[in-house]
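Shared between the two complexes below is chain A, which has chain B as its partner in the first and chain C in the second.
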Partner chain A sequence: MPNIIVCVKQSYDVQQLRYDKVSKQFLLAEAPKKMSDTDRRAVEEALRIREKYGGKVIILTVGNQDSIDAIRQAYAMGADEGYAIIDKDYENFDTNNVAMILAQAIRKMGNFDLVLCGAESTDGYSRQVPVKVAVYLGLPFINFVRELRLEGNYVIATSDYEDGLYIYRVKMPAIVAVTLDINEPRTPTPSAILRASRKPITQWTLKDIGVDGVKVHFKVLNTYVPEVRRKRIILDASTDDKIVNAVQKLIDALRQERII
Partner chain B sequence: MSVPISYPKDTVVSFTKDEIMFRESVREFAQKHIAPKWIEVDEEASKDPMKIPLDLIKKIADQGLLCIPCSDKYGGQGGTYTMATIAVEELAYADPAVALAVYTLLNNGWPFALQLFGREEVSQEVIPRVSKGEAFFGIASTEPQGGSDVAGIRMTAKKINNVYVFNGEKAYISGVGEVQVLPWGGGWFLIARTGEAGHRGLSAFAFLAKKNGVIGKGWYPTIYHDIGRHGLTTGGFKCENFELDKDYLIGEENKGFYYVMEGFNLARILVAAATVGGARWLLEQAVQWFRTRKLFGKYIASFEGISFRFAELYAKYEAARYFVYRASRLADKIYIEKDPAYNPRDLNIPVALAKMYGPELATELGQEVMKWYGAYAYTKESPIHRAWLGLFSYTIGAEGAQNIMRYIIARDLIGSEYMRD
Partner chain C sequence: MDMVTILSYSERIDLQLELATLANEITNKLSGNSISAVIGYGIKDKVDVLSKNFDKVFVIDSEDLKLFNPITYANVLLNIVNNTKPDIILISDTKRGGAIASALSALLDTGCITEVTKVELVNDDLVIYRGAYGGLGLAQTKILTSPKIIAVKPGSYPRPTAIKNGIIEEMKVDIKKPEIELVEFRAKETGARLNESDVVVVAGRGVKKKDDLQMLEDLAKILGGVVGCSRPLSADLGWCPTWVGMSGVTIKPKLYIGVGVSGQIQHIAGIRDSKIIVAINIDPNAPIFEYVDYGIIGDLYKVVPKLIDELKKIKG
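Showing the complex of A and B:
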């Protein structure tokens, strides 16, 4: 019966993210948050594995107090246990820091067969954390997984690398990062949500997991909305005799842009 | 007494983290499963009212959206009344013709009223079935001679040994078709006369026209053709010596009027929530149109006749939404938290405001949006008329006519002794 640790992140809900029209800065303070979309798939996949093979689904997150909500969401879906490493400087952490902290927490928790992650977070979208967790733990890593099953002590995963599908057979313990295609996550019922809010969550500090300070290697200098300038070319094809000319101009313009 | 500038027991409208998570969950569910189907449901059932979307009812049940405030010991969700309100609002946003939202609201409000006033054994029998989507449980009060005059109800329930024998007729009742086609069946929180004339001779029953898949003898239903909100049936039924075990009496004999009034207060909150959800959909249709439609070389919202009217209606929408959630929060205080500082009567004005305001705003908005869209909105290709017709039904009846809401507000503010003939 596999014990599965699922790493989740409480992200900004980018669908509801607004920005200041003058400064182009995101209005993060007012932005709602939710668990990253691929992380939800990872939780769902872990629950499906548990339903099939038994075992436990344990949720792990690193973040600030808001991050606990991601564990509550996972509880509402049906996860068994949740651990949150809370640090007030979390917002400044880079992907190395986050991966190192997750790896350290996973080491402390011990006793696991599989670590599932979303391949990327909904807001940061760096795609770096899962692979770095695997490096820190010195365990095999499979990325961009859209199909997953267990076979004895092995995990069989289908990865989508865009040029084709790759099927891996890897001995557990292993780290697997899943994509949005892997499943449709369940939507929790009211009673599950209410039960989730009563379930305890273990909170650790960095010290609790043996991390003595964090050295930030990468600093985000600015996050802003880039301006996309449109070419605004209007071709006149309003009468029959203008169509041929307009089509030629369109072809020329597309060639110039190296689209055709 | 003076007109209150605020209610002494007013509550701040805010949502708990659970409720916020729940709204996300319902919205996702409704947008995935209900929104792509609502037009088809409305169209099919407009041709044949018995085309009841049983698959969607089952999905709603599996998602835990029925019997939300009912105790988990009866198979309910053990949630708050506000959660039920959120569910109905989001379902109406996904299905602005509101058939599925109204199915959901009836099967939240009335099973909860049954739990509050009925016998434990009856709740244990009925609520789990309703919760699983196997049975329907709504309200049957209106009769052919009228609905608002509850005290004038004519259907009789005569106690003979261990049964009540029903004779009479109910009309304009939601769920007459659903009771027949759902596997277990179900029925209504029904009001019938057991005693003297007037409201003191009325009793409430868990009237199960069909249970365990078997329709009771002496129950004769008919189905009406509504002009909108297709997908939830409206019908009537006659009782000719229909027998119901005495245990299905709700509370005490001849006290039914009081129970049903509390039940109406609860259900009205959800009716108003449905209209607010539909109104949100309508507002979005308007904004989408304003951002694309140009006339005389400019966007139509640059005409203040349109944009100012839109702003006015948006203000009404915000007010309606506030009324709805203030009332649901009060219902939580009274019925879920059982806070002794609150009394069921505290709901009268807040609920009447919500039920008066929500349906009227939604209908007015629907009409305006159709005018903004122009002739296209008058064609069947446009979905807007479906929402408008569905929402319009709640200005006519449904858990109390609009003028009854006005009466309640005026009566509680002025004093009933000043309003008698």
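Showing the complex of A and C:
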């Protein structure tokens, strides 16, 4: 009966992120947020393991008040318990800080067999946090997992690397980071969403988990939308005649550009 | 910073050379040492080319490194870090490299930035550019601690011309093997090296069957290029071993042709620095048309064969 801790992040929904056309700055204050896509799959995978082998699915997040919503989303999917480490300076935390806080919280929670994370977040995309959690906890780590099963006290995990698929076997407790390909997460029912909104969440401060403060290791100077300097010559090829014309124009252009 | 020491690591020799270009760029301005780290199993015969591009090459070749694990590799790399005391550590941001960089950053309690596409020297300090918000944006960042760990996307820098005559030194270190066992390995087909080609034709979801990729191969062949896939075709359908775009391969060819590619921002992030961007798509509202030099709105199954025919006439 494995106890699985799933680390989740409430991210900006980058598909809906807008920016100011003049200043080229992102409009973050109005941007919708959601649980990271890979984290949602980590939750789904934990639920599937629970359905097969029993145990508990425990959600853990670090963030600000907005982040609590990620736990609600996981509750609506069927998770059992949720813990949120909330700090007002969260926006300034770097990946070392987040991983260290997650590791401290996991230590305090104790009694777990497996930690699942999404391999990368939807907005930050650094891919740094899961391996750092493993370093801080001193536990074995398997990355980019697209298939997962348990065999007694062991995890059998298929890692997706550039050159091939590596199937690893590791004794629990272990940390596993999953990819988008591992499953298709379930859509919660309206009644599950309603029940999730009433389910209690344990909130801790940094002090509660024994963290005195954080040292920030890097700083973002500016985030902006890079200028698109393209010709944007659009050719209509909706009929056979127009195809001939469009292809000819393209070839002429590529000649002028000295590509052909 | 005066006299910087830069340590570069990649699991791939060709990517080490890209890092050498960036390292040279920095040491040319600040003066210093450019050192390369090579770790793995059965790799020591392959490092000669590195000695021509770095001042020194450290090699750790051990059977205990046969099984890859980012934490094991980071701990091994830590030996070279402790020996050379670098100010900057460059690691190529492959799946393995990014995780090694991250693990090393935790072990050294120092800052690390992944997804880096450009590093600039401003007032003797490094301004580091990385993709932000799924590739829609660009972030200018600074690392406040030392050493600075920078994970550079493959294809961000060209290969250098060999100018050095470095020393190769083999190191023996204690390796704590991970408690992980490899049960099975299934190799992927090795696709074309997308980031080395002057012309890249990319297939998107508009391409209906895997067999239709042949048509794109024909187009690429006439132009002296290679074919790649967008993420759904690679990750979901397995038509290509890797994809063009964020978390896949970043390319900057002279000519990019997107065929049936809609142009999700994550894809655009991987092609943004191409010299000429061409797209063929039947949907006039496809976001890719915002980013093109030349866009053809039409059925790819009619446009591509016509384009091939016309190019054949020119090229014989």
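Things worth noting here:
We take it that the second predicted complex is superposed on the first by the 229 of 260 C-alpha atoms of A that agree within 3 Å, B and C clash if a C-alpha of one lies under 4 Å from a C-alpha of the other, contacts with A are read in each partner's own complex, and residues count from 1 in each chain.
Please note the rule applied: a contact is a pair of C-beta atoms (placed from the backbone, for glycine too) under 8 Å apart; a residue touches a chain by one contact, two chains touch by 3 or more.
This one's a predicted model, so the numbers in the text were calculated from it and none came from an experiment.
Contacts of A:Ser238 after superposition on the shared chain: chain C is touched, whereas chain B is not. More residues of chain A are in touch with C than with the other of chain B and chain C.
By the document's definition of touching, neither partner reaches A:Trp204: not chain B, not chain C. Of the two partner chains placed by superposition, only chain C is touched by A:Thr95; chain B is not. Once chain A of one complex is fitted onto chain A of the other, the partner contacts of A:Glu257 are limited to chain C, with no touch recorded for chain B.
Contact with neither chain B nor chain C is seen for A:Tyr83 once the two complexes are overlaid on the shared chain.
Look at A:Arg72: by the touch rule set out above, it reaches chain B but stays clear of chain C. Contact with chain B, but none with chain C, is seen for A:Thr187 once the two complexes are overlaid on the shared chain.
Once the two complexes are overlaid on the shared chain, A:Phe26 sits against chain C while remaining clear of chain B.
For chain B in complex with chain A, the residues that touch the partner chain are 17-18, 21-22, 24-26, 28-29, 32, 63-65, 68, 72, 77-79, 83, 87.
Looking at the complex, you find that chain C touches chain A at residues 68-71, 74, 94-96, 98-99, 101-103, 105-107, 109-115, 127, 131-145, 178-188, 190, 199, 223, 235-236, 241-242, 246-247, 254-255, 265, 272, 275-278, 280, 289-299, 302-303, 306-307, 310-311, 314-315. Contact residues of chain A toward chain C in the complex are 12, 14-15, 17, 19, 26, 94-96, 99, 120, 122-123, 125-129, 131-132, 134-136, 140-144, 156, 161-171, 180-181, 215-226, 228, 230-238, 240, 242-244, 246-251, 253-254, 257, 259-260.
On the chain A side of its complex with chain B, the touching residues are 34, 69, 72-73, 76, 187-194, 196-197.
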